[in-house]
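Common to both upcoming complexes is subunit A, partnered first by subunit B, then by subunit C.
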Partner chain A sequence: MSKTSRLALPAYASSTQTTRTVDTRVVVPGEVILPHDGFLRGHGTYPKDGMLCATVAGMVTQVNKLISVVPLKSRFVARIGDVVVGRIVEVAHKRWKVDVQSQQDAVLMLSSINIPGSTQRRRSAADELLMRSFFAEGDLISAEVQSLYADGGCSLATRSSKYGKLVDGLLVAVNPSLMKRTASHFHSFPCGIDAIFGFNGYIWLTPSPPEAEGDDVASASATGAIPSSMNDVSTAAADTGPPFKSVPLDARKAIVRLRNAIVALDSVFIAIYADSVWEAYQASLELELDLPDMLHASNMEAVTARVREVHDEAMAAAVVPGVEAGPSSA
Partner chain B sequence: MSRREFVSPEGLRLDGRRPDELRKLQARMDLFSRADGSAYVEMGNTKVVAAVYGPREVRRASMAKHDRAVVRAEFGMATFATGERKKSSKGDKRSAEVSQMLVATFEPVILTELFPRSQIDIFVHVLQADGGNVAAAINAATLALIDAGIPLKDFVVACSAGHIDGANVLDLNYLEDSSGGGPELLLAMLPTEATLSLVKINDRIPLDVYDALVSLAMKGAALIHEVLVAKVKEHAHQQAASLGTIV
Partner chain C sequence: MTQLVSPSEVAFLLQGVAHNLRSDGRSRTQLRPVVVETGLVSQANGSSRLRRGNTDVLVGVKLSVGVPDLAAPNTGRVEVAVECAPSASPLFEGRGAREVNAGLAAAAASYLAAPGALDLEALCIRPDTHCWVVHVDAVVLDSGGNVLDAVCAAARAALANTTLPRVSTVPSETPGEFDLEVSDDPDDVIALDVSRLPVSVTLARLGDFYVADPTLEEEACQTAAFTVGVTADGTLSGATLSGDGGIPPAMLIEMFQVARKLGMALVADMNDLGEQEAKLDRDVVGFLG
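Right, the complex of A and B next:
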């Protein structure tokens, strides 16, 4: 990725070479970017009288002949493979509707979830009747974007032990534009808290499962205790969802400190990922801030000022990041 | 009681402006964390906030359009917005009319075809009413839409102009609007091509006055556009600097 102060329009030596430039000039809706001929119209642009005009406020990005403008802030735009955290809003015919802060509710098909004990079989009518015992309205889930629809919607999948219902934790909602594509969106903080950084701006914080008991516990806590046969229907109806574990006070305080650190980053528009959150968490400890005090505007500034320093250094040190951060690991 | 003089012999108005001068325009973007976009606009003593939600899932499935987004708007005045405390004006006839004007103004400008089966909600609230409420509402809604990252063909800028005591004056305040007695013209414009998207006159006026008022209001709108563009760019630079770089 190279930066130019103005949009340079070099003659491309070979068409096989991908050249990506980000213009530091900000364009606003209606502003002319450059003449249309010879360039492809990308997102955030609009042809008018032979010129390409911007439709959103942001920086001009050029990949070969494709010109696009990326808005600095927008709702979540799904891409295949994105890890998301979402909330079930509707149980429909063979599918759930999931709020993921996108332009439409995402779809989670009954066939795209793991039914414990019977992973590889067709979904029967009995499964359909049990849908609410898997995920009911209001439940939180982690999932992965499986496919995109032409109308801007997307479908999700939880067919992995990493994904499933989320319990015993706290959801933090932030601006989706602040989320960063990283190698893994699952992170364990040293304070004994696990986080799922949903790329859609929903972040899930939960106590780390005890290590001694191994994988069984981890996967069980991720997918929840889901009734596996019709025999379980009566109990499932009685208590909707898995039994909740009590979370010790220390873990709850750590979760809230992380949450307040994330809220602070969100309020000052700093990218939110494991490192920046941890930096803000540590800064709040060093400043000896009580949990409620972290949310005062002046303290949010103080906490994030340090993150900004570290962030800027890292940015300066980063030589040439890849053209595109690879899709998050599935 | 003698009639008030709205433009003095020296060519100054009641608040000290020249006839073709705007009031002081101030704006802020990104006020609310849970709205997708928000903005605050002050035109003199008229103060307006706007919040935009969307594009998001339609609230009622029957409203959904299969090929584009639905745009909805709600205009309201705070109970404390006027000199005399009023019941909330939300949902009354006048507010409903302005809400419809907002929808009609913004629907053709938003690239709704990019968001089928979605809905975009614009909420505008007047905190202090001192004339030109609708113009300020449109300007605030434009900034909020831009803050939300919703694609627009162009800015929409609005400005009012009036004809008082034989003089054409720009951007009327409450006193000039209510006791001036002359016709007021409200105009919304797409500034890069100077296309008019909304013209509203509350009285009959001679054709030559109409032409003069339209060109005066267009000049005002062009000035407002300059201020808003500067604001949007400043805000975008701040956000970009905060993010470090574009991902």
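Right, the complex of A and C next:
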């Protein structure tokens, strides 16, 4: 059913209301935050006529005397240890350039990957020639941020069996500022789908690997285990890449439903992590929504309504240090 | 357009198309939901903003008085311009945008300014000397695939939102010249007749199948794309084929039929919603929505 809708998307006003409950102040560019006297100006602010004003739309945060505005929407700002999902955009001298929705492309050094089928050794000139057979342009990888550069760039590493090339799945791109830092960014949903919540706003969905090796059908009960097949770089050794494993229709339906739940959360501006996605997924099942209908503006509201409630309660309960003594009360 | 995809993603996508379950849950011949809002540019004679998935297009219609072409002294004309915002896609940056803009404008004009699409004779104020020139200016604010169809649909909504002031010519003091006389009543206007204006429907060939309203990822995997203009009564116009690959004749015939059905449904939906919106008493939400 392709019913068109002329309803405008939900206004951000509702989300600003919720943030007010934790005494956080939302400002728009040019808005006066507070008198400059006695405060230091941080990111997202500028002084004007003795007042501090906002340069971006976002939330005011205060650390002692430092006032800054954290933008509501921004590119990914890397921190060491972040799990990211990225796309190779360029093969360069001894390194790959990786798109991670950051202000610049991240760098993946040849020395920061596990070379297929070998133990630790120095990278040789032959390895440089083979770089495209490890990762070629367009390939998706999971990695972690290894170090940051002074200019805002970052370098990645895949030197762990957890990381590597991603195959047989679907990428969802969301606003990076909605991603939530959690204990583990690898998650297995009970519907038989594994997800990697890249902190950079790229989310990878793939069927959980079958428990029995060599079985093509993803078992719906597979849980927990880190998917080994997709992260094993050794499978990438062949020039053609690993053969595509067929994704059965049931698994595909679950992937698409999760994907649409994530898109719905993204469009109504709710934090995206395993619990919120699962909540939205369940809500869409309870509402008996067809997969494509989940993306209608009114349905996206319905699907995410309960997540918002839970989220608001959690936000109200959590007393965030630093935010509590927000400048709005100063 | 150029969007990097890995071989595995291509395989995943093609298998989804074969299963008749695309990555956003649609079937092969299902369009994405359309959100249209009209009349949000107060300076324009008619305007609309249309969103379809991530694709976001703003169209303004400006009317000016010009001189009819010598070859057709009894008609006005339609001029289409498209500008892709560089923020929408890296492809729209710098000089590369010019080619994209010109291509989209020419393609959109082939549907919007086609003979019979608009009643061009109604745009004539006085033969040989005065006619309305309808400038359709589209800005592509975000690109989520199938930009051409979004531009055409948005242009149709904007033209439906456009009204012509009632103007007559009176002899000027200079002999042989004429002055324009605009009606005193600002509500004394003529609505443009868009009943014969087509929308374009694009079908992308993916492997052994074709899909309607392709997303950016699907466009990256397509071997060929087929676009045809469809009017409310199902008249087809301006069929074009783009991309590197071909389409087998049997598939092409099927595509014509599917595009016709989809196009007619889309026009009917858009007309419905136009009426619904006209009845709504509300403030323009525009870009604050």
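Quick note on the criterion: the second predicted complex is superposed on the first by the 238 of 330 C-alpha atoms of A that agree within 3 Å, B and C clash if a C-alpha of one lies under 4 Å from a C-alpha of the other, contacts with A are read in each partner's own complex, and residues count from 1 in each chain.
The working rule: a residue touches a chain if its C-beta (ideal position, glycine included) is under 8 Å from a C-beta of that chain, and two chains touch if they have at least 3 such contacts.
This structure is a prediction, so every number in the text was calculated from the model and none was measured.
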| item | value |
| --- | --- |
| Clash-or-fit label for the pair subunit B, subunit C on subunit A | clash |
| Which of subunit B and subunit C A:Pro47 touches, first, second, both or neither | neither |
| Contacts of A:Val256 with subunit B and subunit C, given as first, second, both or neither | second |
| Touching partner for A:Lys180 - first (subunit B), second (subunit C), both, neither | first |
| Touching partner for A:Asp151 - first (subunit B), second (subunit C), both, neither | first |
| Which superposed partner A:Pro190 touches (first subunit B, second subunit C, both, neither) | neither |
| Segment of subunit C that clashes with subunit B, given the candidates 9-17, 27-35, 135-143 or 225-233 | 135-143 |
| Shared subunit A surface residues [contacts with subunit B and with subunit C] | 89, 99 |
| Subunit B residues touching subunit A - in the complex, by the definition given at the top | 30, 33-34, 36-37, 54-57, 66, 111, 114-118, 146-155, 190-192, 229, 232-233, 235-240, 242-247 |
| Interfacial residue positions of subunit C with respect to subunit A in the complex | 4-9, 11-12, 15-16, 19, 21-27, 30-37, 53, 265, 269-270, 272-273, 276-277, 280, 285, 288-289 |
| Complex contact set, residues of subunit A against subunit B | 22, 26, 28-32, 44, 46, 48, 53, 55-59, 61, 70-75, 89, 97, 99, 102-105, 151-153, 173, 175, 177-178, 180-181, 266-271, 308, 311-312, 315, 325 |
| Subunit A residues touching subunit C - in the complex, by the definition given at the top | 2-9, 11, 87-89, 99, 136-140, 166-171, 240-242, 244, 246-247, 249, 252-253, 256-257, 259-260, 263, 290-292, 294-297 |
